[in-house]
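Remarks on the structure that follows.
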């Protein structure tokens, strides 16, 4: 029952986000457009490039989807509405999303195409930058909650949302989330401008559909993670918990899809430099700050 | 507890601050060491009242790092801190224009910290750690002017010599912890039987290495390439003293057989290095050899079963030797050299400094009423009362005679040359020097209470013994002053580095002195002179014998070992193809063999 | 103590997967496949941790290996003459010796495993959250020294590896 | 004798054997490192298994797993550092071409 509810929420969210993305890119908001696009993709022939690594080519979109769904498994919509409440939930989100990297490398390597491969390796470079900025803000969040369980993390924010408690961590985590879901301005792996779609170049038909769906789910899961870690999850007055979760997640996701487009795309080397020279020290400051407060303020 | 923290953390904090701020290193180092001195004074006062300060800091599971201030360790701590302050004051002047002074003062303070840690450590593991730290810091300090020729080599030599001897400490510590089941130093005294014997011998090896007893003395001579304040610190209260301190602390557990070995090493060390000091042509190297010789005294005392007398001599020696080095540093500063030829008359140019140097030198020679007279008296008393007296007393007397002789000689050289123009004043250096000289002169009367505090029983001394000691000391000093060694040593420009060096120098020394003295001082002192000559010849013979043993036996053994190693190395060479996969395969086979041995081992018992 | 059949089943399954992927690592010609196979082998090991109720370690293993092996993959591509395995190059040597060594190791280990008396298994295990907290206390309490040494080691290795790998000055600026 | 422990240990032994085979038989430095990773994975499995089935109360067992993971990361870092330097100098990381360490 819970699984069905969460899956339905994910599909609905993905659909909504696809509509938003097409609105952002094409300037017209239409709820039917993504459906039509999806049907068109499903109906079109799915071409397998010559001399491809067939196994990787086939497995990559599926692995991407599985990674997104696994990460969704520890995301609570409301106190009871969670597929599995792991004691290490916050770490598990991260572990599952690490396979996004694997899937993208496979998708880049598989079709034996130059653009795709460059896109795949670019994502690896990007990963070296953002991975620390995913883990370290989560560390600070878990320090406040004194638990890695997503439910307890939300519960710990009853008095004050983490966005106010550790704004630095919020900014870093959102930036890292943008890089993880290769959204602008960190969309080098699939940069439409200079790589002709990067990892997506060689995919067509159903496979492309799965790839895009998986990507939407990943964006959604990341938005949900931001909600849980920083925006108090289901906490909120009047409305029921799941509604608050959904609302916040959609707002964050829309923000992630729209805000980055206003910024210029960031070069790989510059991104790494920013991450390691600015991001990591700031994340350490954040941890230190949260640690000091946790020690000083009695709970 | 607060005193303990102050003693250790003040120099440490100063060192870190110096290395971090890179500004005002001398002032920071002085402040740090002065605070450390305050801490050590506090410790000393507290332990003198009878308190026992101890701390166990969390370290390895089940093995906390123990620090303890007993009267003994507090005395050491006070000694280290005092010498450190004086040396740093001197260094503030000595290093005033050196571009590397930030590094210098930083390492110096860290070195002092490590030494304080060593003397205050309450368990073997902390002691081992501190031991390593002083080794490392001294390597950095000896190699401080690493761009000068021969300096890196000297630093490396010091490091390697002491390192190889440190192996003894490691094995001894493993053995002690294994045998007693406790890392505490105090627990080791319960040990008896073969483990105590082996551990004692290994500790002796480590101590001989650090205290530069033969055959390890070479590193100490070479280490003179370091800045003079470093030598002063190294010799008096820290690195070299660590060996003696180790044995003093371990003294309760040493069985009789080890004590005999300690006595032999110390006695021959005192005499041989004393002879080397007499033959030396370089003031700093002379002082270095005399350091080794004086530590030989301490070992003799430990062997006689009176570690407290060794403590007294260690303390007296710390003040005196650092004063001597600081004086030598000033002379070196003036003449930009340390050879005795170049320093001739340097003392006359600076009467004030020379007076301090001379006082310290006479103190070292053992003239009353200065510190070393008291401690040497204690040493003589201890050796007289020990069961090993027939061996130890002559050696101690010979050592005392020699220490008088070489100090007299150094004074003569410094005084007798041409005095140059007046020098620029050196306030910092002079303050550091005189502080220590005053200590060296006045420390003596404090030894009685100190002895009581350390819990030693004052033994009966036959009345002729102090007289004998005094006579030997004065005789030695007079001898050193009267024999004009500079002219005699002229032809021997090759550095007297080996035992061979002692031999040839002394041969000439005694032969020519016979001619000179026979002509010059005729009737009145004929008998004294005859005795002197006899002593000189004995010394020559001893030195020659040492030389022969060194050349034939030790070298021969080493060369044979080398040949064997080289041959087997040639054989092994074929195994080393340099191909990584081959070597991996070989290591796999090795691991399989090891596992096989481990599997079979339990079956055979 | 009765063994838990479900646990044995899952352990066997994931263990077999780990071993099979391990074999694939050295059987495939494509270097990227080889790296990804190693990744899945390690992931299966992580899954075995999860089956053995070491939740934190399992998740950590799964997470760390994903990044480690991906990085390995790019190094394979960078440093191999034939990363795609299209040229059918011979990439092995001293095969028989290696097989023997591996076989000997396996036989020896098997002997130890089957002959050793392991005693009864403990079935109860602390809850995951309790475990994680206890592990944290262990790391920052009793074993802090060792843990800090490990941290220092990894920092040293990072710096040293960068120093070794960095281009000599003036060379390779592009 | 406990079935779960033995199963895990056998799997670990197999991984270990494969790792040894790989480390010895591969000509490429990076492939050798893969073999070493497998050996370490086997060690990890053993550690976790012993912790789980023999001493689940002693967290030091898990601590060792973390240390071994650190060792793996260090091995990767150092290995790749060497590989990069080697490749820069010689244009290849084939171990058969490295004879400089020969005696």
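Here the chain labels run A, B, C and D in written order, and each chain numbers its own residues starting at 1.
We take it that a contact is a pair of C-beta atoms (placed from the backbone, for glycine too) under 8 Å apart; a residue touches a chain by one contact, two chains touch by 3 or more.
Here the structure is a predicted model, which is why all the values come from computation and not from measurement.
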Next item on the list: State the pair with the higher C-beta contact count; candidates are A-C and C-D.
Entry: C-D
Margin query: Nearest whole angstrom, what separates the Cα centre of chain A from the Cα centre of chain C?
Written below: 27
Next item on the list: Can you check how far apart chain C and chain D are, centre to centre, with Cα atoms defining each centre and the answer in Å?
Entry: 6
Check: From the C-alpha centre of chain B to that of chain C, how far is it in Å?
Finding: 53
Next item on the list: Using mean C-alpha positions as chain centres, tell me how far chain B is from chain D in Å, no decimals.
Entry: 48
Check: Multi-chain contacts in chain A: which residues touch at least two other chains?
Finding: none
Note to self: Give me the residue numbers in chain B that touch at least two other chains, ranges are fine.
What the structure shows: 581, 585, 588
Notebook entry, point to check: Where does chain C touch two or more other chains at once, residue-wise?
Noted result: 56, 60, 71, 93-94, 97-98, 101, 105, 131, 142-143
Margin query: Can you work out from the touch definition every pair of chains that touches here?
Written below: A-C, B-C, B-D, C-D
Notebook entry, point to check: If you look only at chain B, which of its residues touch chain D in the complex?
Noted result: 569, 572-581, 583-585, 588
Checklist line | Residue numbers on chain C that touch chain B, as the complex places them | finding: 93-94, 97-98, 101, 104-105, 108, 112, 142-143, 145
Notebook entry, point to check: Considering the complex alone, what residue numbers of chain C touch chain A?
Noted result: 30, 32-33, 36, 39, 55-56, 59-60, 62-63, 66-67, 69-71, 73-74, 77, 84, 127-129, 131-132
Notebook entry, point to check: Which bits of chain D are touching chain B when the two form their complex?
Noted result: 20, 23-27, 29, 32, 95-96, 98-103
Next item on the list: Under the touch definition given earlier, write down the residues of chain A that touch chain C in their complex.
Entry: 53, 55-56, 86-88, 91-92, 94-95, 98-99, 101-102, 105-106, 109, 112, 121, 124, 127-128, 131, 147-149
